[in-house]
Structures are given as C-alpha cells and as structure tokens.
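First the structure, then my questions, so here it is.
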Amino acid sequence: MSAERYAYLGPEATFTEAALLQYLDSHGLRSNASTQPMRNGAAALEAVLDGDCLAAVVPIENSIEGGVPATIDALTDHGQLQIIAEVVVPVRFVLAVKPGTDPSTLTSFGSHPHGEAQVRTFMAANFPDAVYLPTSSTAAAARDLANDAADHVAAVCPALAAERYGLEVLANDIGERQDAETRFVVVTRPGAIPAPTGSDKTTIVASLRSDRAGALLEMLEQFSSRGVNMSRIESRPTGDGLGLYQFSIDLLGHVHEARMADALQGVHRVTRSLRFLGSYPSAVETGVPLDPTTTDDSFSAAAAWLDSTLGR
Amino acid sequence: MSAERYAYLGPEATFTEAALLQYLDSHGLRSNASTQPMRNGAAALEAVLDGDCLAAVVPIENSIEGGVPATIDALTDHGQLQIIAEVVVPVRFVLAVKPGTDPSTLTSFGSHPHGEAQVRTFMAANFPDAVYLPTSSTAAAARDLANDAADHVAAVCPALAAERYGLEVLANDIGERQDAETRFVVVTRPGAIPAPTGSDKTTIVASLRSDRAGALLEMLEQFSSRGVNMSRIESRPTGDGLGLYQFSIDLLGHVHEARMADALQGVHRVTRSLRFLGSYPSAVETGVPLDPTTTDDSFSAAAAWLDSTLGR
Amino acid sequence: MSAERYAYLGPEATFTEAALLQYLDSHGLRSNASTQPMRNGAAALEAVLDGDCLAAVVPIENSIEGGVPATIDALTDHGQLQIIAEVVVPVRFVLAVKPGTDPSTLTSFGSHPHGEAQVRTFMAANFPDAVYLPTSSTAAAARDLANDAADHVAAVCPALAAERYGLEVLANDIGERQDAETRFVVVTRPGAIPAPTGSDKTTIVASLRSDRAGALLEMLEQFSSRGVNMSRIESRPTGDGLGLYQFSIDLLGHVHEARMADALQGVHRVTRSLRFLGSYPSAVETGVPLDPTTTDDSFSAAAAWLDSTLGR
Amino acid sequence: MSAERYAYLGPEATFTEAALLQYLDSHGLRSNASTQPMRNGAAALEAVLDGDCLAAVVPIENSIEGGVPATIDALTDHGQLQIIAEVVVPVRFVLAVKPGTDPSTLTSFGSHPHGEAQVRTFMAANFPDAVYLPTSSTAAAARDLANDAADHVAAVCPALAAERYGLEVLANDIGERQDAETRFVVVTRPGAIPAPTGSDKTTIVASLRSDRAGALLEMLEQFSSRGVNMSRIESRPTGDGLGLYQFSIDLLGHVHEARMADALQGVHRVTRSLRFLGSYPSAVETGVPLDPTTTDDSFSAAAAWLDSTLGR
C-alpha cells in the first residue's frame, strides 16, 4: 500500500511539522504516512481539497508562527473542509550551532522575527554582542546554517529543526514564556464526523446580523440556553462594512450531541451566516461537568414529553 | 340529535355563564347546546373528564368572582384536560329590583362580597342608608330576590342575572373599575389541538428545579432564545417546601409553531415539572410582530442547514 | 401614654386580625396597642395615611380571604405608604357551635364562600345534610351565631373567631389544604426603612415600557446582573391598553444593600414606571446563600476600583 | 520649547510610524514632535513609563506587522499606562526599487514574511522568477536596499518607507486584501482621560473567575444590562491553568458616561481581575444609536428616584 500523504504549513521542521508528527504518532499512522510541507495554509488546505493529500495540519490559536487568522479565513473560504482533530504543541526554542562550534564565536544568530522576540532576554544575558539576522522561518535558520547557506553562526529554532539538520544544541528552552503552546488543527475533506468521545470541541464561524445592541448576546444566548460553553471566541471585522463582525468560536461539545445540534440551529436562525468547521476530540480534558439539564437524555426526555403531549 | 352539554362554574347567570354563551354564539354552537352550572371549578372539570359534558368554562384571570388560582390548580391536577379557547368578558354590574319597586324603599341590597366591593362608591353616593346583605354569588342575589327568598330588596348582579330572573334595572355599569374584565377558558378532554391561527396563546404550569439564583431567568431564557413572548406570569408557592415556586404562564404562540415546540422542550429540560394546558386562539390581537428569526421558515432553514452540514 | 392604634382589614376575628396580633406579640407592642377593623384594605391604608392609625395590616399573597390584588392596587395608588414587615399566618378553619349544641342538630352552617370552598370534603363526609348559608366573612359567621343573629347553627371560621365569640369548637383544622397560609404586610406612613437584617424582602410594582419582545427579560436582567433573586412575581394588565402589563414583585434583599439599590435604579431606567413599596425583614429564612460577587463589600470594592482608576 | 518625544514600535517607516504621523497631523502636533522608533512594543511603552517619551504608538488589532497580543500583554502588565487615542491606517504595500532600476532585472525582493504573504499573487503574476529574501521588517527591506546593505533588488514595503529611503515605486497597492487596515493606539502615562465626544471607545482586559458554565455570559450581561455594546472581543488562555481565559475587549462608550462606569463596576464584581486601559475618541463613527434607557439622563433620573424614595 502506498503511503498516505499529509500536508502541513511549511517549511519543514517547524512546530507545525512537530504537530503533524505528534498527531500521526498518537493515532498509529506514522509508519504509513508521508508528509508534505506547503508554502502557506491556503496551499495546504487546497492540497486536501484537490485530493493530493489526505489531511492538512495548520495552526489555529496562539501560534508563535503566525498564520492563525489566515487559517480561519482559509477554512471559512474552503467551505468543504472539516476539522477532525486538534493538536497542542509546546513552543520551546533551542539555541543550535554546527557541531563543534565554539560558543565564543557566536557573533550572530538567525531566526524568524517571532522567534527572536521570544529569546531576547536569554540572548542579551548570554550573548549580548550577537547580531540578529532575520530568516523566513525558525526552521530555515537551522536549515541554512546546516547547509552553509547563511551568514549567521547559530540558529534559534525548534528542537525538531536542530535534530533534522544535524545541529548541536547549546541551550534548551530559551524562550521567555515557558508555558507557551500552539494549537493546531487537522483538516480533511468532508466525510464522517469523528464519533463523540465525551470530551469534544466544535468550531464555527458566524457573522452577526447587524451591529444592533445585543446581537452578540443574542447569539451567545443560543449557547447558554442549551448549556453549551465556549473555550475560545475571537471577533474580526468582516470587511463588508462598518460594524459587521465575524466571530470564530470553539465550543465544548459535539454536533452529534443534542444540546450542540439544537444550539447550532439557534445560531443559524439569529446570525447572518454560519459555517460549521467540525466536531473533534478535545486535546485536553475540559474539566467542566455537564449540567444534567443538557444531556442527550434530558433532550430525549423533552422530545418524548412533547410527542406524548401532542399525542404523536 | 341530542344537545351537547357544556358545564360552567355556577351558579346560573353569572359572568361565567355569560362567557359560555358568548363562546357558543361566536362558534355557532348555541342552538345545539345545553348548559350546566356546577358548584365549583373542579366539579365543572370533572364533568368534562367523566364525559358528562363536552366542555367546561372556568375563570382564569382577574376574575371578580374569584376562583382563579383554584382553576389553575384544578387544571394542573386534572392532567388530562386541555384548554381549547379563551373568552374575555367585561365585568359590569347593574342595580336590579323587582319590577315596580320604588327606589326610595331600597333599604338593603344583596351581592357576593366581591360584587359589593366594586359598588361601594356608587351605593354610598346614591343609597347611603342601604344595608349590605351577603349572598353566595352575585347571581344568587338576583335569583333569591325574584323568588322572594331574600331579605334584600335590591341585587347588585350581572345584567344577565337581572334579565334571567325578570328584574328591573335601576342603574347600569355601577362598578368602580369600568374597564374591568375577566378571562375565561374553555376546557375539553384531550383531543385535537385547535389549529394555529397566527394569533394564539399557549398556557403552561412549570415548577422550578430549586430556588437557586437565576432559576426563573434560566426558564425565561428558554422562551427568549426562541423569541417566545409571555402575556401572563404568576408565581405561587408549591406548598412542597421552602422556596419552591410554581409558575402559571400564558405564552403568545402555538405549540404547532416551531419556536414554541422548541422552547417548551427547553423548559422541560430546565424545570422540575411542566404541564402543557393547551394552545388556542387568542381572544384579542396581540399586536407584537413576529421576529423573522423565529418563524417556522427560519426553524426549517436551520434544520435543513444542520442536515446538510451533517450529510444527512 | 395613650395606646397606639393599628388598622386591619376587617371584620374582627379574621386571619387578618390574627396576623396583626401575631405581629404585635412578636414585637412586644401588644400591651400598648389598640386594634381597629376597617371595612376594606383601602380604608385601612387611608386610616394610616390620615394619621388615625400608626400602621395597617392587609393580606398580600395567597389569601383565603381574597383582597390581594386590591391590596397591591391600594398600595400602588397610595404612593406615600411603605411596607415595614410581613406576617405569615397558617389558614386553619374550625367548626364551631354555641356551647352545648348537639352535633346531630347541625343542619346548617355559615361561612364566607371562600371558607366554604375549603371545607366541602369535611362537611360532605361528616355533615352531608348540612345546608350552607353564605356570610360576608368567616368571622361574621361566628359573630352572628353567637349573637343569635343568624339562621345557621354552626360556623366555619378561624379559631380566633370561635374564641372571641365564646363558641365551642367541634372540630379543628377541617380545611382541605392543611399547609395553606396567607401572607400579610404591615404598612405605615413613609419614614425610616427598617434596618437590614441579612434576610429581607423588598416589594416593588413596575410597568413595562411596551410589549416588545424581551421587555420582561430586560427588566429581570437588571436583577440577575446584580444577583438579586425574586420570591414572587405576578403580572396584571394595567388597564391602560392592549399588552401593557404591570408586575408586582417581591425580591430577596434590602434597598440599603448595594446590589438592590443598583438593581432598582436599573429597573427604573428600563421600565415605564416603578413604585418601591418597602424593604422589611423576611418572615422566613430564604435559604439562598449570597453570591460573593454581590455582597456590599464586592460593590464597595468595585466603586473603589473605579475611583482609583479614574484618579478620584 | 524643546520638541515633545513620541515613541513607536519600530523600525522607522513602517505602518506604525505612519499611524503616529497621522495622529500628530490630525492633532496639529507634528511641528513640535520628535519621533523615536523602539525595538518592540514593550520598549515603546517603557519609554513612556520612564518619562523619556510623552506617548507611544503600538498596533492593537489586525496588524499585518504582528505584535498585537504582545501589545495587549504589555499594556496589561504596565498597569500604569492608558490609551488616549486610536488610529486606523490602511495596509497598502508598494513594490519599490532603487531609482532607475530596470524591472527586467528584478530577480529578488525583500520583505518581512507577513508582507511577502500579502503579495504572493501579485509577484507570481508579474515577477514569477523573483526570489524572496526575508527581512526583519517591511521597512528594513527598503532601508537596506537604499543603503546597498541587501542582496535583494526590490522591496515590498509601505509607501512611507519607499519615500523615506528615496526609492522608486514600480507598483502601488499590490497586497491581496485591498481593504486591510491596522488599528493602532496612542498610549500615555496616567493622566486626564480624554473628554467624551459622544463617539468613544473603552478598552479593558478581564479574566474570568473560573470556567464555570456561563461565566462569559455573566460578564457580558454586565454590559447588556446597561446597554453597552462591544466592538471587539478576543479570548486568550491566561497561561495560569486549564480553562482560565482572559478577554481583551473594546466597548463603545466612555468611562465618564454613567452606563459605562456602572457596567465596569459590575464587571469588576464578577471577574477575577479587570484592567481599564482607557477611554478615547473612536476613529470611526459607530453608527449605533444610544438606547434612551441608557443615557446619562436616564441614569441620573434613576439615582434621583432612589434618593427621593429613600428620603435622602
């Protein structure tokens, strides 16, 4: 059997590839997978849409590598794709050099500007005279260094990049926010929605009908009246005119659960547009117990009561 | 064909009989109907439940004759009855005497205490020396007067009672609140729910789960999130313990409309108990336009969207 | 010192007088008090307004004696009175006769129609042939019997009436709903509001601005956003036109508490009219713990935060 | 008089400097101002905090240059700074070369990775063979080209950078999203809050108390119950533990308006922490009319009513 192909937001050896590998490992898919870096999120999604790849991994929240609004936009525009999983990866940088490099010769270092921003304190304390040279990605800093294609003598990059390109790690975990993490999603063509696990997320994008007072609250009431909680909400201007906002929202629960199906229908009614981007297992336990008034049993009992009341 | 029997909260010739006659006339049913006064609301409802009568008329709101909480209780307890119509009757009292009575001899008058309370201003101004003698109903004051079975020489009663018992009316509309009206409901055994007319009411009785903060708001949110408005709400202690409340509620809309069916299922989930007492045409136009996000079309579109999204 | 006068909804020896005596006893006021039955609630309130009486006791909820909407109306209209206390009295009827009466001669009994409605089961089981004769109050049945001014040979009345008029009690607690109770309020001229006790109620009457969707919820949100709970709510048509409702509401808390003062100001903003009828100690513990976000300390901290933020 | 110094997120000639110049021009401050690029947002804010600069300009929403979460973090951490104005700048890229360069020799171009992402379509269509070389900012691409310090022969940069460094513009507005714009804020030391203009914004950062169901809705209800609308909301994990979210929110209105002051106190009560970042004139008209129940007059009337009710 030929390998299944997976696309990801490239280049190689970034946190996004780390997320893809983590996904493949945890699902026992790695041995039969080939991975394909793509030049941007839209290209990764198109590779899936075209059938070139089975799935794509793109960042969706809090990425040190940027690209998150772009991911949401691309998913919203490519209306036929769905999220089937999420992967959370810790954001940890290493300082890497070619093997045998004397640290005293570390006069410059390369990284993506976002990586550099994370390690200023470490570099100022330990290599105050090292000059920063920008690269197009953190992984590119490692690759170009390994290939003698760079002016810098050290790279600030993910551990995966140092390993991939045979560099020597001088220091681990040199970023300022040691608890930083990035959330990625695994996207496929439309198909079976992953079965509910009891700890799931649902991602949607909704545009409010107008900027009238309370339009946002009206939408949120659709969730609260069915006991559906949010784990993320971001407003963004739609670009279609003054005061028109689009909301990217992660919900706790699965569209195959009655409270979610009911809430989404309510949101459909009260919003200008609604895109369902997928229901998938949550990467972490949410820790919020389900209100007994919002279980599937409670919804079934209510429907049975109504049927009985109406003599159906 | 034998006449259909209708029960009503007696005695004869009260506002309740007036409501029943108004109902029969407006539905073209009077020629084939016989009417039956019952000693209280529960008895009227039992006559329907037993099959002795086709329907019963009982007061439900703002009645000058009392009996309203009792009606709600009886309807809630007789779980197999349903409201199929409402009737609104103006509450207007007349001062009636035996034909030919000289007003200067009007030294006493009879009425139910509630009737007497409404005409104190008129009586004090016009017959300051007349003594009040209580009767068990406003109609009984007229009947007993006509039958020479009373000590009073005048009756404060509905126009219907004066007419029925052949009394002469000395003064019309002598109550203090000339805009007072009582709302009655027509109750039958369970059966077909009257078809939606576009201007309907739905009556329910619900008990909150507990007196936790927000339990009432949680229930009302089930209505507001589907755009369902209330026209009446009454809280009453359930008698089952501290802080447990039961709510008697009239809603604008019909259970065959999607927003109402959806809201009632939501109320079923979040309450301790829920009784549906009926959907029926509103006696008056409600004047509140339907929000376009809450029409049946909007609900259908939302369900179709979900089906399509889930590939069903 | 001359006695302080207290008015109550008469006649003498009803549950309302029982409520007044209970109030006087529990506040150590009985020895210096004279009590004055009034012909209706409005008259009782006027006696206070005129300065003839220090306070009045009138029924406000679930009264077997009726008069509750009338009480609310009278309080709302007499805009200068305030509620300073509530009293809850169990509604228990006795069957009383003149001392020495042989029960086998009990061929008739007198009571107010509401009293008769409560004892039908008992009377049918024990005195199936006794004829009911209406009286204008349950106490009047006892008084007239004692005074030989009645046709009935037994009275269904409060224990207080049997005792007051020297009757002999044949049976106690013969009502059908043995847990029935009536709530009364003690009303005075405007003056110092009773100090908060930590378990208080506040009574208001509010009219909604219009029958627009959500007007009621908008008002209730003023309570919920400050953590203020309701213990009673009744809607009533205002009589001013279609769809205009007035709400009579009891709230848990005291107007001297910040959450209540803030919520009432919010209600004032969003309603057409608002009447504050008083803050007073609750007759029973409410049992709902106060949310820490709604304590006076929490409100003070918020105000201090804002002052500090604004450099005030 | 010596010039007032203004800091901005550098380097020179970016959209951020364009925002600062736009601010100075519109307030007639440019002739007496000197501008100071800083290496990051935190440094710009520190320059203000230290008194080195009068104000700083940093991006806050939708920036093509990144740095937005960092700005919010820095503002939240530097608890003593306040936003006094916002500036909205269109994001438009030009393709610039050294004067006289023959377009046929355009074999490479430099830009920040975010700039490159915006012009891929244009470059692929017009210069398909041009190699992309990353720079640390879009302006740096122009500066280094002008200074002969770069390998690239063209720069994708703001018009301001092309002009500043004496480059020749080959093509204007070559980005893919022609309606893109970035929102910047002007930050000062604490001091007088800009007077309300009738069209203002207020920016806050709040952390929810816990991830209990409805915690977000509870916060939003503080706004809705006072008629305060949001124009932006972003959730971000606080990093302090599972399910703890921080919300960055822009509100329509000014803290000197009663509805905003009241709502912020409510938010203070129900949240774990609250930071007020400023009230300032909105850069665009919001177009949402003020509900008459939420005007300052309405709040004043409510406070006067309460004072009168309490006899104060």
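Annotations for the structure displayed:
Order of writing sets the chain letters: A, B, C and D. Residues in each chain are counted from 1.
What we mean here is this: a residue touches a chain if its C-beta (ideal position, glycine included) is under 8 Å from a C-beta of that chain, and two chains touch if they have at least 3 such contacts.
Which protein is which chain? UniProt says A, B, C, D = Prephenate dehydratase.
Here the structure is a predicted model, which means the values were calculated and not measured.
Between A-D and A-B, more C-beta contact pairs join the chains of A-D.
In terms of their C-alpha centroids, the spacing between chain A and chain B amounts to 59 Å.
Work out the mean CA point of chain A and of chain D, and you get 24 Å between them. Counting partner chains per residue, chain C has residues 221, 224 touching two or more of them. Under the stated contact rule, the graph of chain-to-chain touches is a ring, a single cycle where every chain has exactly two partners.
Annotation, chain-chain contacts: A-B, A-D, B-C, C-D (touch as defined at the top).
Of all residues in chain B, those touching chain A in their complex are 190, 193, 209, 221-222, 224-226, 255, 261-262, 264-266, 268-270, 274, 276, 293-294, 298-299, 301-303, 305-306, 309-311.
Within the complex formed with chain A, the residues of chain D that make contact are 40, 62, 66, 69-70, 112-114, 116-117, 120, 132, 134-137, 140, 177, 179, 211-214, 216-217, 220-221, 224, 227, 229-237, 239, 242-243, 245, 284-288, 291.
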